[in-house]
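Shown next, in C-alpha cells, is the structure this report addresses.
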Amino acid sequence: MTDSAAPLLVMHDISKRFGATQALSGVSFSVRAGEIMALVGENGAGKSTLMKILSGAHRPDAGSIHVAGRSYAPGSPQQARDAGVAMIYQELNLAPDLSVEDNIMLGREASRLGWLLRREQRPRVQQALDLLGHGELRPDAPVRSLSVGAQQLVEIARALVHDAKVIAFDEPTSSLTRQDVEHLFKVIRRLRETGRAIVYISHFLEEVRQLCDNYTVLRDGRVAGAGSLAGVPESAIVALMVGRSVEELFPTVPHAPGDVLLSVDRLSGRRFPVAASLELRRGEILGVFGLVGAGRTELIRSIFGLDPVKSGQVRVAAKLLAASPRAAIAAGLGIVSEDRKGEGLAQSRSIADNLTYSRLKPYSTLGWLRLGERRAIVESWMSRLHVKARSAEQEIAALSGGNQQKVALARVLHQDAQVLLLDEPTRGIDVGTKAEIYRLIGQLAAEGRSVIFVSSYCHELLAVCDRIAVMSRGRVTAVRDASNWNEHSIMEAAIAVDDSAGGGNERPSA
Amino acid sequence: MNDRRPEPQFDDSDTIGSVLAKKWRYDWRVTVWLFTKTALGPLFIVWALFAVLDAFQQYGGSFAQIRSFQLIVVHTAAVAVPAFGMTIIIIAGGIDLSVGAAMALSATVGAWGFLHGHSPTEAVCLCLATGLAAGILNGSLISSLRVVPFIVTLGTMMIFQGAGRWLAADTPIRPPLASFAPLADFQAPFPTPAWHIFSPGVWIMLLLAVAVSLVLRYTVFGRYVFALGSNEATARLCGINVPLVRISVYALGGLFAGVAGVYQFATLYQGNPMGGVGKELRIIAAVVVGGGSLSGGRGSVLGTLSGAAIMAVIDHGCTTLGIGDMYQDILIGAIIVAAVAVDQYRQRKMAAAV
Amino acid sequence: MFRRACLFGLVAAFAAATVLGCGSGERSGKRRIAVIPKGTTHDFWKSVKAGALKAGEEFGVEIVWKGTASEEDKEKQVQLVDSLAGTVDGICLAPIDRTSLVPPVVRAKQSGVATVIFDSGLEDASAIVSYVATDNYKGGQMAGEHLAKLLGGKGNVVLLRYAAGSESTEQREKGFLDAIAKHPGIKVIADNQRAGSDAEEALRTSSSLLQSLRGQIDGVFTVCEPNNKGMLQALENDNQAGKIMFVGFDSDPRFVQALKDGKMHGIVLQDPFHMGYQAVKTMVEHLEGKPVEKVITTGEYLATQENMDDPRMKELLNPPKAD
C-alpha cells in the first residue's frame, strides 16, 4: 500500500475558458491512493471539462496538475496514458472487430520489427483480467460478441496494462444492467485495494453513496463543496449541486388535466418499445423515467413516427395516427429531440430557419417566402422564451446549449403542437435555464397542452410532472401519480427488470 | 448619425443573405464583408495579380483589356452553369460525379436532334430533358437504394458516358452549321453587335445565378435544401419530405447539366459523348473554392461563380503570361486545398466559440 | 481599419493594372507566334517543338509553346486559342477536332491574328493561311501497301483506330483501308476498335482484340504513337510479337528497337521536326506579306528493318526533341 497521506492526483487551481464561457475557475481537486472520489455536479457544471483536462484533451488556462508527486501536463490523451492516467468513458472506445487481447494491447503491442509477439502479450492480458476478477474472459474473443458490461472490463483492463495509477470513470453505469453494475463496483473496489486513485463521475447519488469514500461537488465551474460522504444527507448534496432551494429550482404553474388527448395502445417498435401503453390528458404533464437504454427515447420516437412501428396504435383525440413525422405534425404533435446536435437542430442554419422548419406555410405563397414577416414572428418567439442571441439570423452553433434548447422548444410551440414530446429537455443546460423550461412546461399545461417529459433525472420529474411512467427494457412497467413516487421507488421500478417481464404489466394509475 | 439602433456586425457566421438582410442599403462594410468572407476576395486578388504581372511583361498589357474580360466570363460560364446545380446538390449534402457525363450526354442528344432535322427549340428542349432525366435517375437511385451518392453517381457517370457513345456510334455527332444557326454565337466571346458586351450564354448564366440565389434564399424549397444538408435528421424531425426534396435537388442538378450541355454544344459545334471527362472535378472544385462544404449545409451561388471565375482567370492568365500548363494545375490545386483549409478553420473557430 | 486598407490596396492595384494595361497596348520588338500542339506529352510533339524553336531562332520570332496535357480536351483547346489570340501575332495550331476548332480560328482572324494549321486539318479551311501536314492519306496507303506485300496478298488484317474526330488519323485509316481494298485476298476482320490518346487504353483495347480474334490475325496496322505502343505491348504480352505482321505510324525509341528485333515490320514516318519548322516558317512568310502555298506537305516515309540504318531514316526514326 502506498502512503495514504500523500495524494496521488492533485489538480490545483485549474481554470479553463471557451470563448465567452468560463468553464472552470480555480478548481482544486485531489485523490489519494486507495481512495474513490466521487465527482458530482449538474450537467454543464464543468465535470467533463475537468476530466478532459486530466486526460489531455484540453489544456488548462491556469493551474497545475501533479500525478504521484510529479508535475503532469499532458498534451494529448496518449501522453496522459503514458503518465498513468486512464479514462473510462460512458461511450466505450473499443474496436469491435478486434479481439479482447488486441483491444487491451492497442497502441502498446509487444512487437519486434513490426511483428506482433503474441506470446509476450498473452500473460500481460491474462494478468490484467485476473486482477479484475474476470479471468474467464477469452482473450481471442471478438469484442463485438461481448456484453456491454464485459466490454467495459476490456476497457478497464486496457488501463491496467498501461499501468494506470489514476483511473477516472465517467458515468460508467449508464448503459449497464443491474448485475453488471454490481460487477463493476466489485472491480472498482478491487482497484482501490491495489492502491490506485479512482475518480468516479455520476449523477446517481445512490451509486455514489454505495461506492465512494469522498465527494467533490462542482457547480458553474467552481468547487461548491467537498468532504467525506459518511453522514452527509443526500439533500445537502443536491442543494450543493443546484445551488438554490428546491422551490427556486422547480417553479410550478397550477394546471388541471382534462379529458384524454393522446392514447398509446400496445405500441411496439423494431426493438423498443415493447407493447407500451399510455394515456395522456389535455393539460397534463406526464413524466417518463428510465435508465439509459430503457427505451424511453424509442417510445416517443415511435409515437411520433420517427422510428418504425411494428404493432400497436397511437390515437390523438380518438383519431388514429399514421406512423410518419408529417402525419404527427399535422395531428398536432411536436417533438424535441434529446440529441440537439445530431438531430434536434440544424447547427449551421440560423435561429429563424430552425424555428420555422416544421411550419413554413404561413410565410409562403406558391413556394416563395416572405422573410420579413417570418423574421418578426421569430423575434417574438425569441423574446417570449428569452433566447439570448444577436439576431434571428444567427447560426445555431453559436448559441449556448440552453439557448439552443429554447429554440428547439420554440419550434414546437411555433408549429402550435397540442402534444409536446420532450426528450431530456433539460440535459446539458444551466440551472437558470432549467427553471425557465420547467416554468414554461407548466404554462403550456395551463394553456391546455399536454406534455410527455422524458428524463433520467428523477428529481425534476418528481417536481414537475402530474404522473410519472417508469420504463424498463422497452416496457412501461408502472404509471403512478407523482405524489405516489419517491426517488427510491422510482429507481427500484426502473431497475426491476426480470420480475416484471411477464407482459400486461401496467399498474393502474391512481 | 442620430440613429440609435446598434450598428450591425458581420462575422464568419453570416451568409451573404444574412448580411444583406442586416444592411440592405449600400454600406462599405458590406463590400468589405463580401471581399473578406467570400471567394470574391480571392478572385479579385488573383485577377489583380495577373493584371499586374502581365502589365510588366514585355509584350504585356493585354490582360486588363475588355477582350480578356470577355474571354474569362465565357470560360467561366462553361463551368459555372453546371456548378450552380452542383452547388444545390452540395448544399443538400450530396455530390454528383456524373455531372460531366450527363452534360456530354445532353450535348450529344441535342446534337442528335439537330442532325435529325428537329428545330433548334426542340433540340434544346431534348438537351434539357436529357439532363433532367439523368438528374431524376440519380436522385431516385440515391433515395431508393440508400447508397451514398458518391457511389451511385460514379456508376451513372459510366452509364451516361456509355449511353452517349452508343447514341453517337462512338464518334462526335456533328450536325450541319445551318441546323443550329441560332446557337452558333451562343458562346462566342465577342458578340457581333458590340453593345451586347457578353455572349448570350454569359447573360443567361447571370440570369441563372440570380434565379438560383433567389430560390435558395426565398423559397421553401431552398430552406429545405439547406436543412437537408445541414442535418438530415432534423429535416425528418420537422416533417420535411426528405426523399422528395432529395430527388428534386438531383433533378435540378441534372437540369443544370442539361443547360451546360447546350453550352458545350455551342462551344464545340458538336455533341461529344466523351466531352465530360474530367469536367466533373472542375465543377466540384468551383463549388468548393467558392466556400461550399462537402459535408453539406454550406455554399453560395456567388461563391461558386467566383470559384469558377478564379479557375478561368488562372487558366487565361497563365496562358497569356506563357506559364506552363503544369504550373497552372499546381496553382489551381493549391487554391482548392487552401479553400478547404480556410473553411475548416472557420468552422473550428466557430465551434470553439460556443 | 486593416481590412479597409487591404481593400484600398486591392482597388489601387486594379486601377494601376488597368492604366498600365491600356498604356502598353502598343507592342514592339520581336514578333510572337503561338504554337499549339494537340497535346504536350507525346514525343511527336516534342519534335514539333524542336522544329518550331529552330525556325523561331532562324527567323527571329518568339515562339509561345502552349498545349493541353490531354489530347481529348477540345473545350480547353478552344479556350487556349481564344486566350492566346490576344497576345500573339500569329498562331500555328494542330486542332484536336476538325469542327470544334473552326470558330476560335475564325474569331482570331476577325481580331487580326492569322492561323496556320498543322498536322491535322480543319473542316472549314477558309479562315486559315495554310495547312502544313503530312499527307496522311498517302501515309496510310503506304502502310496498307506494305502490309499487303508482307502478307503476300492474302490474309486477315486488323485496324486499330484512334479517337474519333481527329482528321489526320482518320485520313490514315482511310488511306490504309483503300490500299487494302485493292487486294481482294486480304480481309479486314476488325476496324471498329478505337483507342484514345493514352497508351494504357490502347493496351487494353489491343489485348482484348488479340484475345477475341486469337489465331485469325495475320497483320495489324495502328495509326499513331499511343496505339503503336499499346499494340506492341499487347503483342509482347501475348507472345505473338514477330508472328503477326505489325505496321505502325510514327516513331519512338521503343519502336526502333522493335523494328530491329523484328517485332514491328514497318513504321510509316512523318517528319515532325520539319512540320514544326515549316509551320512557323509559313507563318513568318505570311506575316512578312509573302504569298504562301495553301497546302504544304512535309513528307512521309516508310522505315523497314532493311532501310532503318540509312542516315536519313535514322534521323526520321529518332528526330530531335525539345522539352
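Letters A, B and C mark the chains as written, and numbering starts fresh at 1 in each.
Everything that follows uses one rule, which is that a contact is a pair of C-beta atoms (placed from the backbone, for glycine too) under 8 Å apart; a residue touches a chain by one contact, two chains touch by 3 or more.
Every value quoted in this text rests on a predicted model; they were computed, and no experiment measured them.
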Overall pattern in which the protein chains touch one another (line/ring/star/complete/other): line
Centroid-based (C-alpha) most distant chain relative to chain C: A
CA centroid of chain B to CA centroid of chain C, Å: 33
Whole-Å gap between the CA centroids of chain A and chain B: 44
Gap in Å, rounded to a whole number, between the CA centres of chain C and chain A: 70
Complex contacts: residues of chain A adjacent to chain B: 18-21, 306, 325-326, 328-330, 335, 337, 339, 342-350, 353-354, 357-358, 360, 364, 367-369, 371, 375, 390-391, 393-395, 397-400, 411
Chain C contact footprint on chain B (complex, rising order): 28, 31-32, 35-36, 44-45, 47-48, 51-52, 54-56, 58-65, 67-68, 71, 74-75, 78, 170-172, 174, 184, 188-190, 264, 267-270, 272, 274-275, 277-278, 315-316, 319-320, 322, 324-326, 329
Chain B contact footprint on chain C (complex, rising order): 3-4, 6-7, 10, 13-14, 16-18, 20-25, 27, 29, 32, 40, 62, 64, 66-70, 72-75, 78-80, 82-84, 86-87, 97, 99-100, 102-103, 107, 110-111, 163-165, 194, 196
Touching residues on chain B, where the partner in the complex is chain A: 8-9, 13-15, 17-18, 21-22, 217-223, 226-227, 230-231, 233-241, 297-298, 350-354
